[in-house]
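Should a chain be cited, it is by its letter among A, B and C, assigned in written order, with residues numbered from 1 in that chain.
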Amino acid sequence: MTAYIIRRFFHLIPTFLGATFLAFLIIQLAPGDFVTRLELDPSFNHAQIENLRRIYGLDQPFTVQYAKWLSGFLKGYLGVSLSYQTGVWEVLKPRMLNSMVLVVLSIIFIYSFSIPIGIYSALRQYSWGDRFWTTVAFIGMAIPNFFFALLMLYFALYLKDKFGHEIFPIGGMRSLYIAGMDFSAAPKWRQWLDILWHAVLPVIVAGTAGTAGLTRVMRTQMLENKMQDYVRTARAKGLAERVVVYKHILRNAIIPIVASIGFLLPDLFGGAGFVEVVMGWPGLTPMLLEALFSIDVYIIMGSISVTIVLLMIGNLLSDLLLAWVDPRIRYS
Amino acid sequence: MKRSIWILMVLALGAIALAQPKVFKSPNPGETPVFGGDFRDWSTDGPKTFNPFVAKETSSTDVMDLFLPTLTGYNPYTLEPEGNLAKSWEVKNKGLTIVFHLRKGAKWSDGQPITADDVIFSAKVHADKKVGSNYIKSFEIDGKPIVWSKIDDYTVQADFPKPFAPALIQSWYIVPKHVFEKAYKAGKVNEMWDVGADPAKIVSGGPFMLDKYVPGERVILKKNPNFWGVDEKGNKLPYLNRYIFTIVKDRNAALAKFLAGELDLYTASDADQIAQIVDRIDSKKLDATIFPNADVTTGTNFIFFNWNNKDQWKARLFRNKKFRVAMAYLMDKDSMIEIALGGLGKPQWSPISIPVKQFFTDDVVKYKYNPKKAAALLAELGFRKKNSAGVLVDASGRPLEFRLATNQGNNTRDKICQLFSEDAKKVGVNVKYAPIAFNELVREILNTRDFDAILIGLTGGIEPAFGRNVWELDGPLHMWNYGPDFESFEILIDKLMKQGATTLEQSKRREIYVRFQQVVAENLPLTYTVAPAYNPARLNKVGGLFAKDQITSIVGQYPYVETVFIKK
Amino acid sequence: MADAETNLIEGLSEHSQSYWQKAWQRFRRHPFARWAGSFLIILYLLALFADFVAPYPEAKSFRKLQFVEPTKVYYTADGHLSRPYVCKVVRTRNKHTFKLEFKQDCSAHYPIYFIVHGYPYKFLGFIPMDLHLLGGPWLVEEKAQLFLWGTDDFGRDLFSRIWFGARISLTIGILASLVALIIGVIMGAVSGFYAGQKTHLVRGVFHLPTREEWRLSGGAALLRLVSGSELARGFGEARRERQLPLFLLGLLVQYALWGGGIYILWITMQGYMQVSKGLEHVIAQGIFMLLMLYMIWQLLFGRVQIDADDLVMRSTEVLAAIPSLFLLIILSGILAKYDISSSMRFMLVLIILSFVGWGGLARTVRSLVLQLREMDYAQAARALGAKDFRVLFRHIIPGALGYLIVVVSLTIPGYILAESGLSFLGLGIQEPSSSWGLLLSKAQQGGISALRDRQWLFIPGLFIFASILAYNYLGDALRDALDPRAEH
């Protein structure tokens, strides 16, 4: 097992180098750099622009820039953001934590809805209940995330008009005041409660599509296992239907879903997508968009490399989880 | 009641103890200001740094404005130079030397006095090429440095290499030397005061000081007890307890927040947004006021052609004034306002933005939308027949077509381009419009020069002399023509710009810039399009704001943040 | 041998017939899927005949009529049933509320005719026609307007634009997933088929003498090496095997590859050495030197051999590791520099989308191929001497066909959504062309105003929604029907 982990780890190195180099190359292929947008500012002259390029090291060949970035990374240092002029990690960290709140909650949302629904749908295949939940799941998959978020924002405003006070907040992550007190002066549990309250609508938006997808996976898994020989054997032994379903079918059907938890790892740190932009959640996505449009190379590379590392760890974790839950799998 | 009188008296005494405070004039003498309260502003992006030597964008400088002092700035009522940290100044040596006298008794928030050392140190760092400050441009004229020197603890002197009209506007940020010096000597000045810095360690010399920054969410500034400003009654300013920026990336979300009463000010971007706000005010759900179309903004959008086009036929065509006038006749500015600007705005004819009243003139040639005149002018140029595709052709049969580009993702520009190309096609000019990435646009303009026509905007300021990079013949942004062949009117513009920048007398300057606007509007090196309306809205509980007729898009809704207050 | 093959094919077709029949039976158990299928077919037909269905051309705009609400159609005049007609609408903006107001002027009635002459267009791109489903002479003369679903911010008829937009939105999903599928299938199939085998691309210029040769005569081996006769030996070998062009090409590739590599490394080293100092400098120098030596060694004695499976899987890993948002934005930035027409832009969006999406498909196909190549019929075909590619594309891929159909039908909705996401970022299709994503993103920009006062702007959203729903139903039913593992 240990040998397997080590071997996997060494396999990751070329992938990491390839992905980061490719990302760096693609950024270079894009027209212009971080300083380009200043060139159309009438108050700058050419020498000043070139001076900035030199200060930021953007005048060097890109392989040199990559080598510098890589050596920094190996020393555990993600570089200096061009626009923030501070360590990339300091910029990314608070955003990642914010995104994580949203992502963790939506993962809980996804799992706690999709697994029961998936089981139900599979057990009563082609019933009206199954069709109903299938339709709900598909509706969730069919709404563009950004549009759903706008609807929710409007919904919050509508509720406020209807009831005269805020049922749900209109965007954002934290209130300015909690019960008349400044946010930071309020007790910790109230702060968390406030964040949870803000997260309700974004979590619904961010979680819906995922719930739909996972419901379908769960249903298919259940259906596949239902037809297996061992189930027939279990039934033939005269086991109660309840035991057959929950002890045999469910246990096997859930294996790939447990295993896929590892894949969630990069998602945890990857931001929740457009919902953050539209609903004003201060997560990673708005900042990444900004960095992408202003070509802040090191912020982009920082977030990509963190994602890659997590993705690789996540894959490894998934394999290990799979081996743990499924005794049939052996690693030689 | 009694207690508040006591507090006022104590405050007044404190104000007297300040030696030379700046007196901030409030916009409405009738209002009784209230101390305390939070002011809730918003911005689309958060600050990227609190270090003025690093800041590159307004999202950062908007915050710095509140806690870092400058020597001088514009008076919000008259738009003339006004002292901030500088109490007064003397212009000597035919404008080549200016001596600034600083306010005695002004202090940083940590209690240290603000002295000439701070000013000279800040100037040195801003001008240092290794630092890369955005304000380096304020420290050189034509590559020659402006020399700053200390006379005594409260007097500094600036020596200019040549007379410079906007010399009195010294709006670069001054930082505390005792905080920055060590880092500067170690070559690490750019690492100071980043967004992760402890707010308590960020020293303020302005009305507010940093209290808290929650990345991506909000910036909270609190009152600086050591601020060196007072109101007309001698009360220590600012009135507000806190100034809060909420960061809202999406305009719709910001509007929703204003409609819900969670923001104190908002600027509606178009008629639809105004309608939402008006609707809410009328139905008594929001106690607010909006001033639709109070002014127009200073941003400009213009089309220009590439006179250095590698295709000689096109280069000759673009150089021809008749062609450019014909194109101007094809710009349906009313439709542009209705469709591209969402209903409100003004047509623009000349390079100086309409709100810049001290220089702007309406007395220029206007080539108003008139496709018939355009067709007639094109016929004079030899485009009389149309080919099978309906495109005008010249005698040799070459169709009249060119590319038009603007930057991707800008809705207003995209729509202006679409309207123009639609109208042009109607008279037989095949305008092939495609938006391209912004950086690619910059590359085409500055390096490859393989474009035909481009629609773009430059950020407009108050001071026309800062536009010299665009208008002088060797300016790096003389985008339509990099020479060597210049038209006579370009040489005239060049002369006017140089005169304008070195003339110190205001009335003469106005004459020069009026002439400049007329020449540009007539010859159309840049063809201006439309300027969006400025539609400010506010909650009625905010005091210290301009009345309707005082509002300008340059200054905004209030003259000084120091005198803004929240009514109880 | 020919006999054996026909038998094999017959055997296959026999199996597949019953398989497809069974599949159809299973498919029929999904009533929603049948409706969804018919719905999609209707949508595609409407998109194909968009010119005919739409009363107005795609880019036709009425400057004074932006955001006009859907035109009311009347069925009665003076209390009697009459041919449906519309009235002229005048649009004004209220000076106080800033809201748009519409006044109907019913002094004249404009009857709607069916299948009537209107704006000319070219059917299918080349047949000149002017027949339209709805309209009347007044429509072309612009005496009154027929905006069944209102107008957008340019005063363009939304009803017409939805059908034109359907062309892009509906085909982009299919085409993008097909392109992704083709790349994915080729990559996945090659990868799965050659898993565990290495392919020699370049056999190397110089061969290092083996230990055996050293032992026999070290001097002779060294002489051969430095005199270049090794090269001649490789040359001769290649000529014997009739692979001379390949050998020469390989030679070129090898020199270009490693030569270029060394050059880039050299520049990098130069630049890097200037900025590093201390211990880091020493270590970096060491690493650079080692790399350089390795590359020179490869240049001289290297053999480029590729494990196709490894290469493909690595690339999919690399692709999966790079966030797709990043790829989408940067790629559209790179591609938006060229002077491109709207149809080209459509192609670009398509290519970007499928470039980002093929990795997952390749992995699926690979695992499928890995299973199938061990199946008896594939082994049999190979035993009969069929060539690799023949086995792959005649025997293995058809076995996976059902599964591939399922995968495609389930990826299409994702691409339709991705197109609207690109439009949300302002990087998708550009006006005056139309796509559902673009139309919806414009409604989104209208924000609260649009939600309150102009709900018709969100009709394109309904279409996105409905078509994705339909595809999901269809895909779901197809999976039940076609998945060979599903035995129920």
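In this text, a residue touches a chain if its C-beta (ideal position, glycine included) is under 8 Å from a C-beta of that chain, and two chains touch if they have at least 3 such contacts.
No experiment lies behind these values; they were computed from the predicted model shown.
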| item | value |
| --- | --- |
| Chains contacting each of chain A and chain C, listed by label | B |
| Contact-richer chain pair (by C-beta pairs counted) among B-C and A-B | A-B |
| Rounded Å distance, chain A centre to chain C centre (Cα mean) | 24 |
| Geometric centre distance via CA averages, chain C-chain B, whole Å | 43 |
| Gap in Å, rounded to a whole number, between the CA centres of chain B and chain A | 38 |
| Set of chain C residues in contact with two or more other chains | 333-334, 337, 425, 444, 447-448 |
| Two or more partner chains touched - positions in chain B | 252, 256, 259, 437, 439-440, 443 |
| Chain A: positions in contact with at least two other chains | 30-31, 150, 154, 157 |
| Residue ranges of chain B touching chain A (in the complex, touch as defined) | 38, 40, 45, 48-49, 51, 54, 56-57, 129-132, 136-137, 143, 190-191, 194-196, 212, 214-218, 244, 246-250, 252-253, 256-257, 259-260, 262, 285, 437-440, 442-443, 445-446, 456, 458-459, 466-470, 476-477 |
| For the chain C and chain A complex, residues of the former touching the latter | 29, 32, 264-265, 267-268, 270-272, 275-276, 280, 284, 314-315, 317-318, 320-323, 325-327, 329-331, 333-334, 337, 413, 417, 420-421, 424-425, 437, 440-441, 444, 447-448, 451, 461, 464-466, 468-469, 472-473, 476, 479, 485-488 |
| Chain C contact footprint on chain B (complex, rising order) | 251-252, 255-256, 259, 271-276, 278-279, 282, 292, 332, 335, 338-339, 343, 403, 405, 408-409, 411, 414-415, 418-419, 422, 432, 434-437, 439-440, 443 |
| Complex contacts: residues of chain A adjacent to chain B | 30-33, 36-48, 51-52, 55-56, 83-87, 90-91, 94-95, 98, 150, 153-154, 156-157, 160-161, 166, 170-174, 176, 184, 277-280, 282-283, 286-287, 290, 295 |
| Residues of chain C touching chain B in the complex | 59, 61, 63-64, 66, 93, 96-99, 153-155, 332-334, 336-341, 345, 425-427, 430-432, 444-449, 452-453 |
